[in-house]
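Some structures are shown below for you to check.
Below, chain A partners chain B and then partners chain C, in two separate complexes.
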Partner chain A sequence: MEIVAQNIDEKFSFSPKLKKQVFIIGIVGIILSIIGILVMNFGGHHGHEAGHVAEHAMAEHHGSADWVKRLFANLWINNLFFTGLSIIGVFFFAVQYVANAGWSVILLRVISSFGRFLPIAGVLMLVVFFFASHDLFHWTHDYLYDEAHPEYDPIIAGKAPFLNTPFYLTRMIAFFTVWSIFAFVLRKNALSEDANGGTKYYRRLVRISVGFLIFFGVSSSISAWDWIMSIDTHWFSTMFGWYVFASWFVSGLAGITLLVVLLKDWGYLKPVTENHLHDLGKFVFAFSIFWTYIWFSQFLLIYYANIPEETVYFWERLKSDYYSKFIFVNLFLNFFFPFLGLMTRDAKRKITFLKIVCVVVLIGHWLDFYLMVTPGTLKELGGLGFLEIGLPMVYLSAFAYVVLSGLSKVALIPKNHPMLEESLYHHT
Partner chain B sequence: MEKNKHFITGVFSDHSVLLSAVKKIREKNIKIHEVFTPYPVHHLEDALGYKRSWMPKAAFLFGITGTTCAILMQVLMLGVDWPMIIGGKPFISIPDFVPVSFEMTVLFAAFGMVGTFFFVRDLKPYKVPRVFDRRSTDDKHIVAIDLVANNEKTQDELTSILQESGAEEVNTRNFTDSDNEASFVKYVVDLFSNGVTSSSRSLS
Partner chain C sequence: MQIVSQVREPLVTGGKTYKDITEDICKPVEAKPNKSWLVAVTASIITLAAGGYFMGDMLWNGIGKWGLNKTVQWAWDITNFVWWVGIGHAGTLISAVLLLFRQKWRTSINRAAEAMTIFAVICAALWPVVHMGRPWLGAYWALPLPNTFGSLWVNFNSPLLWDVFAISTYFSVSLVFWFIGLIPDFATIRDRAKTKVSRLVYGMLSFGFDGSAKTWMHYESVSLILAGLSTPLVLSVHTIVSFDFATSVIPGWHTTIFPPYFVAGAIFSGFAMVLTLMLITRYVYNLQHYITLEHIELMNIIITVTGSIVGIAYITEFFIAWYSGVPYEQYAFINRMTGPYWWAYWSMMTCNVISPQLFYIKKIRTNIMMTFILSVIVNIGMWFERFVIIVTSLHRDYLPSSWVYFSPTIHDIMCYVFSFGLFFTLFFMFAKFFPVINMAEVKAVLKDSDSKVYKGRVTIPNNVVPDEDKVLT
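Showing the complex of A and B:
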């Protein structure tokens, strides 16, 4: 009860020191990526013998050089991961409004700042697809649909009405445009509420949020089929949309929690108490379990039914010398670690614990996307080297720059939000 | 031996007054028997100095027991006692066991927690609770202080302390042993003669 009146007119300043740190992450990332590419080109053999077999198989498909493929696959993984982080910012923001949530009001600005990366993510996605479509997506080859061609594939040809480049691009552009517009409109209304007050904006935000959630429910699933599931073109899983969404949601929540905790470390967000951190911790904890539930549901059905066209996905991963260990690392980082690490009440209320768990969860879910994309695109040529460490750092630096500079433009706490008081006195 | 209970109760209608009163009373080294509120009052548990419940630890242990039982059950049934080929899988196939193990974990944890709670709080259908003031279910907060446990202070001192800290009324409440005797036989007899809708005793 002692919290009473506090300074709620805080503003985050993106200090030159912090900017420098963000740039250093980016530059180190670029250097590491270049080293990674150089190592792949001049570093001699590939480490595992299976590589050569696969290389011959690939050569027949007139693919790009190995390092180009690996670069494209990595760009794609990071595009997916950071698109997820930013769209979850918008999604979680909308959920707070639709649920009439009071506890999260002082976190809303941090949550919505994630959405600012969305347009950039969309452009990156389009650019990478433009250059890498043939290397990433088997179905983009025209000959698969040509009955006269020896490599005509009736299964893929049957999917042509949905999986064709123009429609695919239309969907991608439409999703990113609509998402970005929603993110912009939600942010703009929230800021008008800050300036003018009253409950008019709150009600409007609830309505817009409902619209966004309906659109997102459909589009997130379709984007998961498009951007990830279509890599393994023959394979399909009805759980996949949920699976990708769960992965996105956990990483987004971990990202939001991490940013809140960091802001508190830097001396901002004073009204955020351990009660708010507790709730964020619960979200990360709960949705880590949700992700595992979805992961396992998909696995168990495929394992049990044992139909070849379904098991191929896990065959590629579990029976591979290289990828099989990652499945278990993935489950450890994304389930056992957050589950045991955040199980107690005290762990969820301590900044150090949250920091460690959130970083691990973010790395874990990056690895999850790595496991979704790499086996299908690179076959046995996948690796975890300098490029895989460097490129996420470049993306992270760009993401952090966009989010933090966006955050510095607005007040950190929505002072005219009708439920601000409830959030200030939040107690769990 | 005298086992009758003597209490003094303070009545509050504002929860912020109640919170500060509880703090003031505890500062004077007076043990508060219990506080009854019509709705959950935040920070009251801090003001009363309650420790965190150990129930989550009990839940964890019950859960672990459930998991162990479930895995043992399935391994013994499907692996040892009556091996059956299901879907061409090994007799002991761990992925198949996960859903059942999960459900048993939840079941054990849930029932175990409810059972533990009933046991620890001594909750049973024929329990006769001490009702300090019926208004605590309506719009008043009641602070109950045990006179025997605070015998270094006189009743008048306690009354004035309660009044100083903002109590609107100060009452005394005495419970005799026979009033609160939890008797299963009495409960059943009452149930048959009065039906479930009426209480087994008069509430004041």
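Showing the complex of A and C:
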């Protein structure tokens, strides 16, 4: 392979045309969401919602109307999903430094741009929790802890030192603050490297990345317990933290790959070749299998031991007329599809294949979060309608706007990274 | 074209040439056994024989020679089994997973690590076999073979049977992988051989390897295929070992995090054992320029990462036991910490979680003595981890009248010693008759990463380092 002069002074411009497309996604999303809400309010009951009225009486003391609950649950699903995409941008960026990875240097800006959504994700999380805590989290009801109350729940009361609103909010705020600070400091040092050169910033970034990974190792598990596992308040599984991480990680990788491929389509990232795409494809392939491994291990152990307080989680899903099919859809989209789709070397090196598989994986993992949140919050009233299509589009539009406008403010290729050459002449 | 960045440390130091590599690695194989080797091998064989006496006594008289009782039916035997299997993870991880991740530093350590893997798996397989009581029958009862005992089949629902499949598959693939890697090096030794016997033996071992371009192509594609096959296998082995415990309903055993946490723990202990052995080999055979501080540091980093993952898993288990509100779970974990086996629990915590954190300090992870000490400590800790999981969960039965304390007998201890004797005898044999470093693969990375000195190490004075690579402290 000969050395060719490569233009590394690329800058992404967030053109008005592209902005318009991003806004259109958001507006269509809002319209669909509104239609969804209207449909829920005025007739349009789907088949599985036949038991609605009977269930309604039971759910009465929880206050909010069904459509409100469903809106809250959907907001929460999208918060979780897009927080995941965002934090994985920071995580994967840090991993590149700690692992001394050279191949990915020209992708680092794309990877780190995902982290820009973190502060917004944090605010959204807080706001939704503020309004929706009682509808989403059974444990937030005070009467559960009151021994005099007929609905006193000794098991939940036992969890009070951990599951109480002040401590919960402290954790949430602390995680988002520290994550966002790390994302900011990592980005700032990377940009100083652009301006000043030398290996000083590189070595400093390695050290900061180590700090981030240590914090993330602990906080990612705790946030999974907090934000998802505590929905099914009685239920517990030690694997759950890593299960959520696996889901986040593979969605983040698919998101990063998709953005790289789109940027290439739009004429940017010229030095990115099939070889870089191949490696990204390998990551999506490998971590789809990793997710399946974690999913299956958790399922098998609970299924095999057959202890009622654990099987309840899968009972709610597999024995439900409505949710059971999603278990299989989930496994198909997140395992079989990427496994077969990205099996061959050629598939990982072709833009079309990567686009299709990454979109499927992203939808699949959105559904994975849907399946984690909905049965516990909405019971049998969950649905997949206009709202579930519209709201992710609104989030996607906001996410894309933040990420792309962030990306347009920096050089697309870190020209002073000490391993840049390795990346420019990378081939597998 | 392959470009190697200036910030990377060289993988081979001392300005070695291709010829130097051949000379340095082949010399110990071709030379007469030296004194230190003879002493080491004799000591291993004495250990093997001493342990073998007790092992034989146990097989003759029965499992009752061990300290097992009706509550603690599994103790040192299964602890040793899981411990050895865990150690047997590093070799394939280094050669397969690191190959897939293009970590070139693996080339100097993969050979010995794979050998260690194979010997460790042999030591592990020993335990289920001798635990059968009558291994001459059990060896085929464990397999789903058609037999004359009516419809007596193995229990396909049991993870113990899955283990038989997982470990035997893993062993076969690792052995093939290791041997394929050895072929070019055997050919080198064959070509240099001065006696008829060694020419014949190494000639047979090298399978007529002729070093042509076509042969190398075959060699490389086979390596890649085997790496792809071994990667899921290496993960499956300890996953299934963890199922042995986690599928049960014993508090302290049944927890869903076990599969990935066992795999991380296995890598952790495996790398520690690789370091223990490599530091000695490096010293005895003067391989300082091939197994450099860079290699040692990178292995220490893997130990820190996997040790921290294991630490997070401990904390998760502990927290969820409390969070679950299940009294049995809560008791199992409190009892681990404060019950009669508190000393085992705290040994495990100190050795596995606290000690590897010292490697965050660069001075410690680039210090050879500290690395050696910590690598031994990690393996002590990992033995205690399995002991804690197995014995402390069993010794408090659901019926308090069955509560007991397990104490090992001399047979427990000496049977464990036997497996050490076996392991070290095999390893020293390997170290004498086989090339301990993969010459062909080290030669492949020599051009990109050869240097006389380190570049940016704090372990060498900053004044010999070029300005742009100086490490800021």
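Going forward, the second predicted complex is superposed on the first by the 412 of 428 C-alpha atoms of A that agree within 3 Å, B and C clash if a C-alpha of one lies under 4 Å from a C-alpha of the other, contacts with A are read in each partner's own complex, and residues count from 1 in each chain.
Note that a contact is a pair of C-beta atoms (placed from the backbone, for glycine too) under 8 Å apart; a residue touches a chain by one contact, two chains touch by 3 or more.
Quick caveat, the model's predicted, so the values are computed rather than measured.
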Practice prompt. Give one word, clash or fit, describing how chain B and chain C relate on chain A after superposing.
Written response: clash
Discussion item. Looking at A:T238, would you say it contacts chain B, chain C, both, or neither? Reply first, second, both or neither.
Written reply: second
Fill in: Touching partner for A:Y425 - first (chain B), second (chain C), both, neither
both
Worksheet item: Which chain makes contact with more of the residues of chain A, chain B or else chain C?
Response: C
Discussion item. Between chain B and chain C, whom does A:Y304 touch in the aligned arrangement: first, second, both, or neither?
Written reply: both
Discussion item. Going by the contact rule set out at the top, does A:R345 touch chain B (first), chain C (second), both, or neither?
Written reply: first
Discussion item. Let me test your reading of the model: by the given contact rule, A:S86 touches which partner, first (chain B), second (chain C), both or neither?
Written reply: neither
Worksheet item: Which of the stretches 203-211, 239-247 or 347-355 of chain C runs into chain B once the two complexes are superposed on chain A?
Response: 203-211
Response to the item:
The intersection of the chain A residues contacting chain B with those contacting chain C is 1, 300, 304-305, 425
Discussion item. For a test of understanding, state which residues of chain A touch chain C in their complex under the given definition.
Written reply: 1, 3, 100, 102-103, 154-155, 158-159, 162, 198-200, 202-204, 210, 214, 217-218, 221, 225, 234, 236-242, 289, 293-294, 297-298, 300-302, 304-305, 307, 309, 418-419, 421-422, 424-425
Worksheet item: For chain B, which residues count as touching chain A in their complex?
Response: 16, 19, 42-43, 52, 56, 60, 87-89, 95-96, 98-99
Worksheet item: Which chain C residues qualify as touching chain A in the complex?
Response: 1-8, 102, 232, 235, 239, 243, 246-249, 254-260, 308-309, 312-313, 315-317, 320, 323-326, 360, 456, 468-469, 471-472
Item to complete: In the complex, go through chain A and note every residue touching chain B.
Response: 1, 296, 299-300, 303-306, 343-345, 425, 427
